[in-house]
Amino acid sequence: MSGSTTLVDLEKVSVRAGAVRILEDVSLTVHPGDAVGVFGANGAGKTTLLRLIATLQPPAGGRCSVFGADMYAADRFDIRRRIGYIGHTPGLYPELTLLENLAFVADAHGLPESEARRALELVGLSGAADRRTDHSSHGMQRRTEFARVLMTGPDLLLLDEPHSALDADAVDLVDELVHRTVERGGAAVLVSHDRDRVNSLATRTHEIKDGTLL
Amino acid sequence: MTSTQHRTTVWPWIVMAVAGLHTFVASMTVSPDVVQGQLSRIMYVHVPAAWLAYLAFGVTMFASAMYLWKKDFRWDRRALASAEIGVLFTALAIGLGMIWAKPTWGVWWTWDARLTLTSIMFFVYLGYLALRRTTDNLDVRAARSAIFGVLAVVQVPLVHFSVIWWRTLHQPPTLLNPEGPAMDTAMVITLLIAVASFTVIYVAMMFKRIELARLEDEVLVADQTSSGPVAGQAVTAPGLTKGS
Amino acid sequence: MTDAGATPGFFAQVMTIVRRDLLRERRSGEVLWVTLPFGAIALLLVPLAIGTDAPTLQRIGPGMFWVIVMLFGVLIAIRQTSAETQAQRDMVALTGLDPAAIFVGRSTASFLLLVVFQTVLGAVTIVLYNVTPTGWAVLPVVLLLAASGLALLGTLAASIVSTGRSATALVPLLVAPLSVPLLLGATQALEAIRLGRSSLVWVLLMATVGLLLAVAGILSARPLQETA
Amino acid sequence: MEYANEWNWVLLAYGVTYFALVVYASSIALRISRARKRLGGPS
């Protein structure tokens, strides 16, 4: 991808849930190579901001584009495969094994199952590949989510509280994921209530407060 | 800020009362049918109720389609109001049909095609009202119920034809036709008056029910904003600012 | 991106969803071990309440079969949508799968499970009610049309209802009245054959219902995903 | 069928109709005034 494109461009975007304004006049630009940290208290609108960028949360007003295309006017299905999003609860099917969960995503991306196996190895879960998700610990499920993102190799990485519920060596995974993405010319946005963690990873930081980006 | 300064209208209540009284007087003074006797008077409330059941659901479908097109919450409230009133009149039409059938045929219920269809429609729109209760998010609620509103009406003709074909196949015993032999002119006129009056009642009810829907949406908005993270700040109820 | 695969075509996307749904069913066994026995026991309960004389059972057998297929089949069509979490919905949305393909895939998986459901319950009906199936040429067509119509209707209703708050109880209420053309189509087509008449109009009715539902589901898939 | 018996059915039908209409209209009125109270506006 060319280095000059803007990956994310939000201009005075607002988001509403029912009648409540969750985000108000948020403007944010993310270029290739950026690792943007956003911190704020619980309920400040961090998750909503991330879901907005991930095209999962329709805006109520403003202009927003991802990869240079207006994300809500254009056909967004091709945009979505280039986004790697990890929410704060794992979106895995409990009755499937960790590998089967990843294989489904690989299938949807047109990747062979061997990619799923390799990704599990990278996060140190090759021994637990055939373990049912609902028999796995929360930490293992988080790692599986990291494996999913490693596997699809997104241009835009969106992490919601990436450090929560992770043991020490898994924290390194977050770093590695961010560095990999940025080195490839992609960008990362991570939100957290933990200012120190964000500072150590990010090339620039913002604070979000009462739905406004400072 | 939410506006609570809506004028309340009184005229629909008066219209309802006058139209209701008018129907009553007209249908009680007309002379009874030769064959059916006094029972024929039930027709003057049964037929208008059945007519309104269909009209109301037609309006719900139209309003649902309009909402999907315009994304204007006023259409969503019209669809809701009409569905709720429609459920009332459908229940009435079925109930009155039973009250007429019992002394006439000796049974409360027959598997007449139209009766079956009407009762199925009743449940379809009960489902519509139940669907609206599953979320407090105005956008989601409006979109979902509009899609169901359209889908339901696409299905109703199919239900209609299948039920009719089903009856034809089984050759139902020809009972006394509800319309009876050729009706007396006075009776036809009375029936038309009753249908017109009931339609007026429907329109007046729609006005009040839509007013209620608007207020309920405002209450919902007020509840959500008072407990929300940015309480009192930048609250706009979708569609409310467009007036009524 | 060098390591990303080629975007799969519509049919490949449909198959992805079908494989996922069937795998989930294999792991959870919800249809095989819960819904199917439930339907079978319903067929067992009816004669206990109505009476067990052979002529009566033979007469009501086919009808009972269809009523139970329609009422319990809905549970198969909605088995997963109703339990889906927001995180799972997000994950699926971000795979970039076309919502229309997801709808078709879900319906197809439910269709296959419904065919199994019908086959087993059909056998139970034949055994318990001593029914002799008629119309060997039309019967499979009717079974397949009923399964596909019910699968489409259930999938569509489930995706309309899934708004985050669980509303499992509501879907059967939405589906049951709208399944009337399918129920009548299935029962009357076979009845027509028994009486030596043409069943064409009923088969066409069922096909029309299925077609309309497929179109409605594909058209509404994107708007429904956008207002999740 | 005797005369009085027919009138009973007619009265039942009209009773049900007008009862339902009045109850429904009242419920709208009640819900409106309750909503207005909640919103703190004039009722």
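Here the chain labels run A, B, C and D in written order, and each chain numbers its own residues starting at 1.
The rule we apply is simple: a residue touches a chain if its C-beta (ideal position, glycine included) is under 8 Å from a C-beta of that chain, and two chains touch if they have at least 3 such contacts.
Note that the structure is a prediction, hence the values are computed from the model and not measured.
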Chain closest to the middle, measuring from C-alpha centroids that were averaged per chain: C
Chain centre separation (chain C, chain D; CA means) in Å: 42
Euclidean distance of C-alpha centroids - chain B vs chain C, Å: 31
Whole-Å separation of chain centres (CA-atom averages), chain A against chain D: 56
Length of the line joining the C-alpha centres of chain B and chain D, rounded to whole Å: 15
Sequence positions of chain D contacting 2 or more other chains: none
Chain B: positions in contact with at least two other chains: 137, 139
Contact pairs between chains, per stated definition: A-B, A-C, B-C, B-D
Chain B - residues contacting chain A, complex: 136-139, 220-221, 224-225, 228-230, 233-238
Chain C - residues contacting chain A, complex: 1, 3-8, 12-13, 16, 19-20, 23-24, 27-28, 85-98, 226-227
Chain B-touching residues of chain C, taken from the complex the two chains share: 156, 160-161, 163-165, 167, 170, 173-174, 176-178, 180-181, 184-185, 188, 191-192, 197, 201-202, 205, 208-209, 212, 216, 220, 223-224, 227-228
Chain D-facing residues of chain B, complex: 2, 4-6, 8, 13, 16, 20, 24, 37-39, 41-42, 45-46, 49, 85, 88, 91-92, 95-96, 99-100, 102-103, 201, 205, 208-209, 211-212, 215-216, 218-219, 222
Residues of chain A defined as touching chain C within the complex: 1, 51, 54-56, 58, 77-83, 85, 87, 89-93, 95-96, 100, 104-112, 115, 132, 152-153, 155, 184
